[in-house]
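Look for subunit A in each of the two complexes below; its partner is subunit B in the first and subunit C in the second.
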Partner chain A sequence: MDDQILLSDHASSLSVQAYLRMCGLPIQVVCRYNAEYMSPSGKIPFIHVGNQVVSELGPVVQFTKAKGHSLSDSLDDVQRAEMKAYMELVYNMLLTSELFVQWCDDATAGEISRPRYSSPYSWPLGNILAYQKQWEVRRKMNAIGWGGKTLEQVYEDVNQCCQALSQRLGTQPYFFNKQATELDALVFGHLFTILTTRLTSTELAERVKSYSNLLSFCRRIEQTYFEDKKLMKD
Partner chain B sequence: MGTVHAKSLDPLPMHGRDLGVNPDDLMEPPEQEQESKQEVLENKDVVVQHVNIQGLGRTKEDLLGYEISDVFHAKNLIDVMKRAHVARLRLLRLGVFKEVEVLIDTSEGKDALPNGLDITFEVTEIKRLTGSYNTMVGNNEGSMVLGLKLPNVFGRAEKVTFQFSYGTKETSYGLSFFKPQPGYFERNFTLNLYKVTGQFPWSSLKETDRGLSAELNFPLGVTSHTLKWEGVWRELGCLARSASFAVREESGHSLKSALSHSMSIDLRNSAIFPNRGALLRINQELAGYTGGDASFLKEDFELQLNRKLFWDSVLSASLWGGMLYPLRGQPSCIADRFYLGGPTSVRGFGMYSIGPQSEGDYLGGEAYWAGGVHLYTPLPFRPGKGGFGDLFRTHFFLNAGNLCNLNYGEGPQAHLQRLAECIRWSYGAGIVLRLGNIARLELNYCVPMGVQSGDRICDGVQFGAGIRFL
Partner chain C sequence: MAAPDELFCWEGDWGLPSVSTDCLVVLFILTKFTVFILKYPGICSPWRSPGGSLPALRTNQNETLSRPSDIIIHLRKQKFNADFDLSAKEGADSLAFISLLEEKLMPALIYTFWVEPKNFVEVTRRWYAEHMMFPLNFFLPGRMQSRQLEKLRLLRGDEHLEAGEELEKELYRDAAECMNLLSQRLGSHKFFFGDSPSSLDAYVFGHLAPILKCKLPNGKLQQHLKSLDNLSDFCSNILLLYFPRDSRAEPSAQKAPAAPEAGDFDNVPNKRRKQFLSALFALGAMLSYALLTGMVSIQHGHQEALEEPPDPEHIGAHEEEGDG
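Up next, the complex of A and B:
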């Protein structure tokens, strides 16, 4: 559903796609308007393998590991802990910022998020579901203390997160030198989506663009793993 | 039952509100003979001069005029008593009075005729608000049910009911407003607002419906019709993590806005154990042309014929069928499809466990038919005859049916062929108990036949309770 998916969901979905391609597993991407409700955890993306359904990147990584495919086997314990920490950083900063910009900024919510979220449904169901989702995200933001933040503060948080990632990446091709890991997939998914999604303002993308090594990182991963497929650009 | 008092010797005048309906055109010219007021009125010609209703509070008089106007046409005392009784029943069926008593007396006053009668209906209105509170336990869930009823809200037999159920798993509520047409109680209008939840373990599905409906009922000759518009926000979800992917795909929200028409002719002498008569019910529903996501045309019918045979036994045959035709290229939704099987439909099979399924979850089908032939007899040796024993019957049955999806590109020949192949059928015997005038319980021994792979059977003893049985 090109005209339904939102920034944060697309970022999560792209992360899982990148991870599975890095593992060399063949995948097929299917869009469903009710994917959020089909998922056992309520969050997309989810993978359907045989008759098993697994949702979100963390459980997907565990699942593929159990089947014998893993990207982080060669890491030692210190590196693995570091990887987990950076992944947490992305979840807590980047993903939360994406949700904030989408649903807590009135301009973006009204012009982009609500119309897109309600597009597969007829009136008035679409409006009801979109407002319900907006209230749910705003409640969650209040619960984690982001309720009082302004858009500028959120952009600054994104900037700091990118700075940390940029410093860790340095001049290496991947975060852990030669080997792509799930952290690379996660970071790629989010940064690429931020760079290529049109929002009401380009400030979010600008913050990412200011780090040239992150830009080239995204381009490199796209060329290496997604060469056969034109990535969805909103 | 009520009492009809006919007093002929009471000297006190009746106090009451005169309806102001003038029976002038019904009055016969006054007789010339001077007859004493003490004369006992036997089967003499009489004229009803006044009809009063006493005890009205909030009920409006114009509503009642229609129900009692027939009394004025009575020509003799027996007729008066009969018509007064009928009028009393009509007043009671409005649902606004707790009790109605009829008093028939000779006319008093200066325009009283020697054979004139005054009829007075003494009524007691129902309280403005009645409430009920129940607790219910069932299916691993307990709930509290609160009911509120406001009868006769605006004085013309309107009724507002509210029911709220708070359970360990789900809450549901319903609010409804009922308004009959004054003078034609059978023509009425109902507005409903509701939220109901249901769990369907045979499909591993749970459904929450929040809806609004407006319904118009009216009789036409011997048939009774219902026209209804319904708008429902449906939310489907998986009941367990182990639900099949086919059911998982149906999860989510959808909006159904549908117009439906239903016609029924019920000529049976009883709803539960009819001895004779037939029932025909035809129902159609068109969704999608008044908004909403779901788009389909659904038809289904129910036919039942009963005939009394020798020795108080009754032969009953019934046939059900239906078809769902998805419109605008959209696939049908699991919540709209038909289901078959179970103690209330084809006996000997598990509840709704016939037909297309995926990993043990039954998905329903777009077309079905089901038929049954029953022979009902009173219990052998008739224990408790005239009392408790009359609530039971033994029955021998033969049920058959089929449920499948049709390929709408093919013609009707192909559809019939599909419905005729792989017929499931069963036979058996059991005991049926009548509950009130609405429900029945059955305990049967069933032998299912024609079982296809994927169907779940319940051979041997099967228990069923419900309102509508095949």
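Up next, the complex of A and C:
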């Protein structure tokens, strides 16, 4: 749901939309408040094609590849290795940072994440579900060693990640020169969402804005693949 | 001069300087610099480490760092930069491949050492139980296992994850893909970036060395790794060049498993001491029971006569009391 969706989920969802548009496949975006529970892996987004349901970008890429649509066929082995590694970098650092800022920062969690997450439900169910989700995310952060991090350290990690992406992109139009791949879709989804989402502080967006080639990259993809759709979120 | 930092690491075995991945990463990074750090490498109990877990670096400001990435950042602040010779793009690639390792290979490592039932019972739990002190060896390996299982569950986002063929296939498939990608990236070079090791080399070594060296009953990961020659050579070369003492120690460790099954009892360390302590404990228990129930009584001085074998009528009276 538009009012319910949070930064990290919107980023993932936008990545999949971008990828499918890059493949030239027609899609229809549908919002449901119980999307998390409908998804086979518990994570959104997921696509529903015929009688098959596939969730998350990785499996979606493989699914479309099996149907004959692939963006990374022209890459050689070393490039494919790099592409996979950079995708993991985005998952490992950017997505985790987004989750951290949303749920482990008390200010953001209280003002934005919990109210939004619980908006489709009535009290007290909404509250319970929101706290449960927060607790789950915090446990995961502890397990991977992010539990002791401060917000500043997380912003620094985001900065490092953006620096790495900016280095890799350089002055090329896409990460692998002329052609858009799933890495471009993933990076676009996350960076665009960070830039356009209102949070309690603008630090996260500021870190991304300091890399001009990433900004122009996002603008380019938006103009090329999303010209017919209004992408701006509140 | 400021007090040196202190590093606590798990003990080594199977030809490795340490059995833990994180410890291996830190130890390899440190070989690159001549930095004054006191190393305590033979630690067999996380309770002896300042942070409660291993590896742990206690800085001279009494701060304790446990994650390899934190330790690397700390070293960098002290001007020991493992990635000094890397270009900006290589630094970015380094970050990306380390993320790849942590997302794809680490879950499989956790599974193969801690969750897969045969491996855990026959190798991991036995190793930790043998190397830990009494009484930690009874409960600590089990506790470590539940923590690793929970970590795996949180990483996969599945609360009800259990060891099983499907999970194993998925994890090993991801791990195999990761190893293939690393192999493609390494090619025929000595290290990932140029001729000297960087932090990515340390991470790759830390993750792959235990797989390569430890003989597990379910050794699918090891088989796959051995099929990738450049990665196996990469690990072996690092061990030979940077940890020669430990790689030479390997043959003696391998002779022990060659002995027959009954010989396993002989391999328990401190066997004599344990036997003596057990006998002493048993004797003490019997004596105190005898004293408490009054079967044996200790009288002092002139009453020693009572301890002489009692007369038959006394025995008879005693027996009647016992039957009554």
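Criterion: the second predicted complex is superposed on the first by the 233 of 234 C-alpha atoms of A that agree within 3 Å, B and C clash if a C-alpha of one lies under 4 Å from a C-alpha of the other, contacts with A are read in each partner's own complex, and residues count from 1 in each chain.
We take it that a contact is a pair of C-beta atoms (placed from the backbone, for glycine too) under 8 Å apart; a residue touches a chain by one contact, two chains touch by 3 or more.
This structure is a prediction, so every number in the text was calculated from the model and none was measured.
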Residues of subunit A touched, compared between subunit B and subunit C (which is higher): C
First (subunit B), second (subunit C), both or neither touched by A:33: first
Partner chain(s) touched by A:147 [first = subunit B, second = subunit C, both, neither]: neither
Which of subunit B and subunit C A:51 touches, first, second, both or neither: first
Which of subunit B and subunit C A:82 touches, first, second, both or neither: second
First, second, both or neither for A:123, with subunit B first and subunit C second: first
Touching partner for A:41 - first (subunit B), second (subunit C), both, neither: second
Subunit C contact footprint on subunit A (complex, rising order): 41-43, 77-78, 80-82, 84-86, 88-89, 91-93, 139-140, 143-145, 160-161, 163-165, 167-168, 170
Interfacial residue positions of subunit B with respect to subunit A in the complex: 233, 236-238, 241, 244-245, 248-249, 251-255, 291-293, 359
Footprint of subunit B on subunit A - complex, ascending: 32-34, 36-38, 40, 48, 51, 53, 121-125, 128-129
Of all residues in subunit C, those that touch subunit A in their complex: 66-67, 88-89, 91-93, 95-97, 99-100, 102-104, 150-151, 154-155, 157-158, 177, 181-182, 184-185, 187
